[in-house]
Amino acid sequence: MIKINIDQERCKGCRLCVIVCPKDIIIMSEHLNSAGYHPAIKIEEKEKDCIACGKCYQMCPEVAIEINKE
Amino acid sequence: MFEELIIAGYGGQGIMFCGTLLAHLAMEEGLNVTFFPSYGAEMRGGTANCRVVISREEIGSPMVKNPSSLIIFNKPSLIKFSGQLKEKGLLIINSSLVEEEIVKEGIEVIRVPVTQIAQKLGNDKVANMVALGVYIRQKGIVSLESAIKGLESILLLKDKEEKKNLIEINREALKSGFNY
Amino acid sequence: MKKRILIRGNDAIGEGAIQSGCMAYFGYPITPQNELTAYMAKIMPKIGGVFIQAESEIAAINMVFGASLTGVRTMTSSSSPGISLKQEGISYMAACQLPGVIVNVQRGGPGLGNIAGSQGDYFQATRGGGHGDYRTIVLAPYSVQEMFDLTCLSFELADKYRSPVMVLSDGVVGQMLEPIHKDDKNVERKIKDKDWILDGCKGREPRMVRSLLLGEEELEKYNWELNNKYKRIKEQEIRAELYNVEDAEIVIIAYGIAARMGKQAVKEARRQGLKIGMIRPITLWPFPEQIVGNIAQKVNSILVIEMSLGQMIEDVKLAVEGKTKVHFYGRPGGSVLEVEEILDKLREISN
Amino acid sequence: MKKLFSYPDSLKKARFSYCPGCGHGIVHRLLAEVIDEFKIREKTIGIAPVGCAVFAYHYWNFDVTEAAHGRPPAVATGIKRVLPDRIVFTYQGDGDLASIGAAEILHAANRGENITVIFINNAIYGMTGGQMAPTTLIGQKTWTSPGGRKAELSGYPMKISEALGQLDGVHYIERVAVNNPENVLKAKKAIKKAFKNQIANKGFSLVEVLSMCPVGWAVTSVEALRWIEEKLIPVYPLGVIRDKSKST
Amino acid sequence: MKKLFSYPDSLKKARFSYCPGCGHGIVHRLLAEVIDEFKIREKTIGIAPVGCAVFAYHYWNFDVTEAAHGRPPAVATGIKRVLPDRIVFTYQGDGDLASIGAAEILHAANRGENITVIFINNAIYGMTGGQMAPTTLIGQKTWTSPGGRKAELSGYPMKISEALGQLDGVHYIERVAVNNPENVLKAKKAIKKAFKNQIANKGFSLVEVLSMCPVGWAVTSVEALRWIEEKLIPVYPLGVIRDKSKST
Amino acid sequence: MKKRILIRGNDAIGEGAIQSGCMAYFGYPITPQNELTAYMAKIMPKIGGVFIQAESEIAAINMVFGASLTGVRTMTSSSSPGISLKQEGISYMAACQLPGVIVNVQRGGPGLGNIAGSQGDYFQATRGGGHGDYRTIVLAPYSVQEMFDLTCLSFELADKYRSPVMVLSDGVVGQMLEPIHKDDKNVERKIKDKDWILDGCKGREPRMVRSLLLGEEELEKYNWELNNKYKRIKEQEIRAELYNVEDAEIVIIAYGIAARMGKQAVKEARRQGLKIGMIRPITLWPFPEQIVGNIAQKVNSILVIEMSLGQMIEDVKLAVEGKTKVHFYGRPGGSVLEVEEILDKLREISN
Amino acid sequence: MIKINIDQERCKGCRLCVIVCPKDIIIMSEHLNSAGYHPAIKIEEKEKDCIACGKCYQMCPEVAIEINKE
Amino acid sequence: MFEELIIAGYGGQGIMFCGTLLAHLAMEEGLNVTFFPSYGAEMRGGTANCRVVISREEIGSPMVKNPSSLIIFNKPSLIKFSGQLKEKGLLIINSSLVEEEIVKEGIEVIRVPVTQIAQKLGNDKVANMVALGVYIRQKGIVSLESAIKGLESILLLKDKEEKKNLIEINREALKSGFNY
């Protein structure tokens, strides 16, 4: 199973991962992290759709995303 | 009068505009004033703060160390600056973003949900004006009318398209703060 | 009529330049003076002047060299590392006796340092960081008002003495906003015809401007001529503010931003009954040597305060010549002087 | 658990100080991955520029120094000549490399220094608040070209890579972009090649990366991707500009 | 009496300080003739370099200044922007233009400054006693390449004109030589064109002149002519490198 | 065994560098130091060292910066205008505490000046012509022998204090030939492992070398650390030659080439019965302040002689603190001091 | 008639005029001028052969040659 | 002994070699010596001169102003330097190139056609050695033998091909001068 991990403190809410994900798995959260950004989060229910294409990882300027296979 | 104010928060929260407007208002009242901006190591975003000194006399250092007032927009700024506040100082906190209770004794704390108020007005970017409204009322440096006049004259200088809307909403925010 | 406007220190320099008829600005971005470059970028095209963001500080000072040759009023600005890069060019300008204004909004050093206000470049400014025997007039504003006023003065002096003039400011005064008074006068923007400019030799003999002087003792002779000019400047252009010195037992000597902390300390000390005064050199070169020397004879001691490890203190000591004790309080690297600490130091001295 | 995409060893865990959506972070990661893949972390010396990437030493997990503005190629030359078996690269912005440091990059290239140059072209001076760079586009508004860059006053978007490509000392120059996942992968390939060349003592290699600066361009992070596609790439076409190993 | 070939008005009568057989003298004369022919002597401002031609102000019969080493393009920019209707040219050696002044020439070219640049490429630092220039040939012995220039250590003869030719600000670049009467006449034509461009506000024009330095090459004046033909020209081919008026 | 060889001043510097294990030289031609660059071009390839004729003085100093990072002994050389261009780089080296030797064979200035020997760059060398609070050790050879010896010393001091060191020579000593004694010792050419060098992080944590210190008061702290180092240098590294000072009524103070004229004048004056001595500072920074201060108390007056309009005289006055009169005789712009004129001046003073 | 005039004080004896002259009109003299060079001279008898091609003038680095028609 | 010598002529006349050889010879005799070269404004050619100071004592200034001896190779140098010669000074003139009679009194003038002598030896470039030969004989600083030894050892260092011929002809020139 693919596990998407978005570091909530590293994320700066740029949305690049959101727009490149072909499966629309990632969205922006409502809460602020300690640096004052709304971090990206995965839609838990959709995580299973992840094809591990790595696009979100490739585009994340903060290297905040990890994709693992469990 | 001798007022030393620090306004602090995230970059993007309108900290600098808040401070320069205040400086402008003080000048229009015929007072001496200095404004000094300061940015964190982050390129953008990150933290930002500014120092405003207002006085009848010639002003020495613009680099306030122990302010008589603080306007705080986020938690890191509260941690950083609250200890430096003078005794009997005024602390205005954006309670929308800062939940902490303040430990320090002997200061006047005003908690205002400025972001929420601003959101209600339709744009959370004018939270800064709400806070300024509160501050002006507390300190009485200028009247609300003068403040609004000053605000308008400054915004008119901007070459933004949406000048009118901008003035409108900022004015309302200032009022809401003043009357909070 | 004098208007009162709230303006940033850096912008005030720009405004001063515009009001002085500056028609050509060349600069390269560097914090904490970027607003000045941006100011010129905005205004110059509007008044038909020249603005170029040069490829480097070196290019900028050499563009100033070129513009100055035509007789136009011209300026460049930078901050510490960028000013280091201009040293060869400044030496050339001094050698060719070309007027021009160089603004240094000092930051913390050495190296890349930081972008806070600092006073670490006093030596460089007053001793000529470049090669050879030359001097540049150095003016040190301590308020936004003076950012404006001394910029205007710098253009006057540059023309009067055919010399580069430096405005030695710092990141604090550069970044801060204060209200200033200024006249909006009608500025004459025409190039004055000077008898040394290069604009094509129509109706006259060709001219040359150069600093290579290989003839026997030719360069020496020229250096003595320059020296005479420097003497004249020393006689005529020294400026300093005296504050509460008449009955002072201790005087603080400070320039630029440090003088603001100094003045505040004087006020505070007076309130506490201490007889403290202050001398604020406005021209750093020429240094108000006599003024300091005379006052040195009357006071118990002198406290030099600087936002550096101590540089102007050498000029103070040279002026004092052992007549009284010279103390120092300073903080380098862009840290701000604390009024409380100045007071502590004053108390320590007066005991 | 198998890591498919994860934080590279050659990056420290520190948070970047870049603005949201900034391309620097992506390129840092690519660099780190390439260094990891070649297993050269322990013999690499990186040279950070003066520019937004000035703090790179906080992020890169190998020896790093910081050069004066524009001088990384000279510093790299000093290091590489003394330690020819180490891997030395410079990381430079368009202000650093193409403006103040034009002479240094031109001569390092002409000498054929066996170094790798990562050249971040974001068409602006990011660090100092968004002034015009030599690579700024015609019409682009910046702090020092408030009316938009005008060719009559400020000249043209500078094709420094093409100019460098004329020098015989150059082994490899390619222009890439990081504005979409595909381009990011191509960028990585180019960076990898530039390091491989150095390892194989092939000489001077440079990768120009068209990189997002949403703040400097006054657009959102997402718009910045499109800005590269629609505005930058037409002026700075992607692809190999010089590759000695391919020429005859 | 009719003068067929005679001393041009735009030259003063002073003796040159150049070595016997030096190419600088020929180029000075060509320049002076062109300025005479365009009748622009009284509105021309020349910028002498630091190099053997540093004394040009003693020879040129119009307004002249001397720029710091490598900075003539910046000085020219300062003058020309203030006085756009004057004719401003720089005269620079290969050390001045291609080495220390590489950034300045690159940017003046990229800005498309409406100036004329006369670039004397003699493949050596003449004035300082014969050191290696960026344009020195492989194998050429100089004071600082006593064993002959080696590509591995010092890189390659620098084709700066070709590099500059890549920049959009450039209107015209041509390479000529003064090693025989025919080439001298072609050189004059190119210089004339470079001034004509300026008069017509066409922008940046540069003429690279391959020029004899018998002393620096340790050959006789006559051998120097052949040296250009046989050694320099094969590396630096003559001809137009860029001409915007001819491109479409 | 010590050999006696006839050698040019500039070459002696090169030879000193080679003997000190210098393995990387970066320079750009400029008169009157060209023989040194050429010397390194010839020798370095033979000993497996690095020689690069850099594209500019700026590139050269930054190459030195790079080479120094690796721990190798490294050097650059130039003359006045070229040294001006290195100021930013020197400030960076001082800030990053990188050892390296910078040779300035001074010529006449300002501007392009001339190519004669001169002493117009004293301020620049001793005050840091670059930005920020920093100092470089400055050694001033007055003979070809010292060109060799002090170059060797400069490498030692650079390593000892992790600091750039300047050899401040001039065109006369640089161009002249004199016999020198030198050991031909076996030179160790291996890079010493220092705990700050960058050579890849194998077996250790990654290191960084930088001068940007943005943390609050971080740069200030660092500056005070540097200051402590400068204090240590002041305590330990002052060097001066005293000549006939014991019974002197007047002492001449001179460095470098001027001290040769000075010494000759002392001899001549003694022959004529005048009690003249001489102090010759060998380290210009740190300046032999105490030595001068102590002697100042014993003599009637001091005569500073320089091949400039008067620069070192400020350090002398700072040391003397008004205890005795300080006179000056100097010639700027590369003109040579005449022994006869020094004697005239001495006679004038002694009356 | 063509008149060749070689400024004996300007000439530095480089011989370039000599080798380019198609009519071999110019040779080097034996005497030294005040700067220490052997200047070029025309062979008087050959002057009449001059075709005024200007090659000597074009190549002279000292601008020491003038060609006039009388 | 204290000798201050200026050698002056055109560039290319071997002035510098003449001076350095003398300096070398003096060193080999255990004397102190300085040599200082000086070139005119011309790039090459033009004038050239050098100053040699020889002394038992430590030498002060290498910049001779009033020489005790002069070796003059051309007319401009004679005009420039002859006036500076000390009383009773020695003036050696290359009479092949300098025709002028000397006006100055109280000096010792030796006129030698060094160029002609050199030409006879087959190369006018060795005129400098002829003059040096004359000078050495007059001053007696070194013996002819030492001078020849010194000359050879220096020329051996040159990486010229024609080393042997070079040594041969220079030696002969030195001798001719010495024995003139």
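Residue numbering begins at 1 within each chain, and the chains themselves are lettered A, B, C, D, E, F, G and H in the order written.
FYI, contacts are C-beta pairs under 8 Å (C-beta built on N, C-alpha and C of every residue); 3 or more make two chains touch, one makes a residue touch a chain.
Because the structure is predicted, anything quoted here is derived from the model rather than measured.
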Check every other chain and keep only those touching both chain C and chain H; list them. E, F
Distance between the CA centroids of chain E and chain F (whole Å) is 38
With centres defined as the mean C-alpha position, give me the chain B-chain C separation in Å. 34
Approximate Å spacing (C-alpha centroids) for the pair chain C, chain G: 59
Chain centre separation in whole Å, for chain E relative to chain C (CA means): 39
Could you check chain B for residues that touch two or more other chains and list them? 41, 45-46
What are the residues of chain E that contact at least two other chains? 18-20, 22, 54-55, 66, 68, 99-100, 102-103, 106-107, 111, 127, 134, 154
Contacts with two or more other chains occur in chain A at residues 12, 35, 37
Of all possible chain pairs, which ones touch? A-B, A-D, B-C, B-D, C-D, C-E, C-F, D-E, D-F, E-F, E-G, E-H, F-H, G-H
Looking at the complex, which residues from chain E come into contact with chain D? 99-103, 106-107, 110-112, 134, 151-152, 154-159, 162-169
Contact footprint of chain C on chain D as seen in their complex: 50, 54, 66, 68-70, 95, 99-100, 102, 125, 127-129, 131-132, 134, 143-147, 153-154
Seen from chain D, its contact residues with chain A in the complex are 1-8, 11, 15-16, 18-26, 28-29, 180-181, 184-185, 212, 214, 220-222, 225
Write out the stretch or stretches of chain E touching chain C in their complex. 41-45, 48, 54-55, 57, 60-68, 71, 74-83, 86-87, 103-104, 106-107, 111
Report the residues of chain F in contact with chain D in the complex, numbered from low to high. 23-24, 26, 50, 52, 54-56, 58-60, 62-70, 72, 74, 88-89, 92, 96, 191, 198-203, 206-212
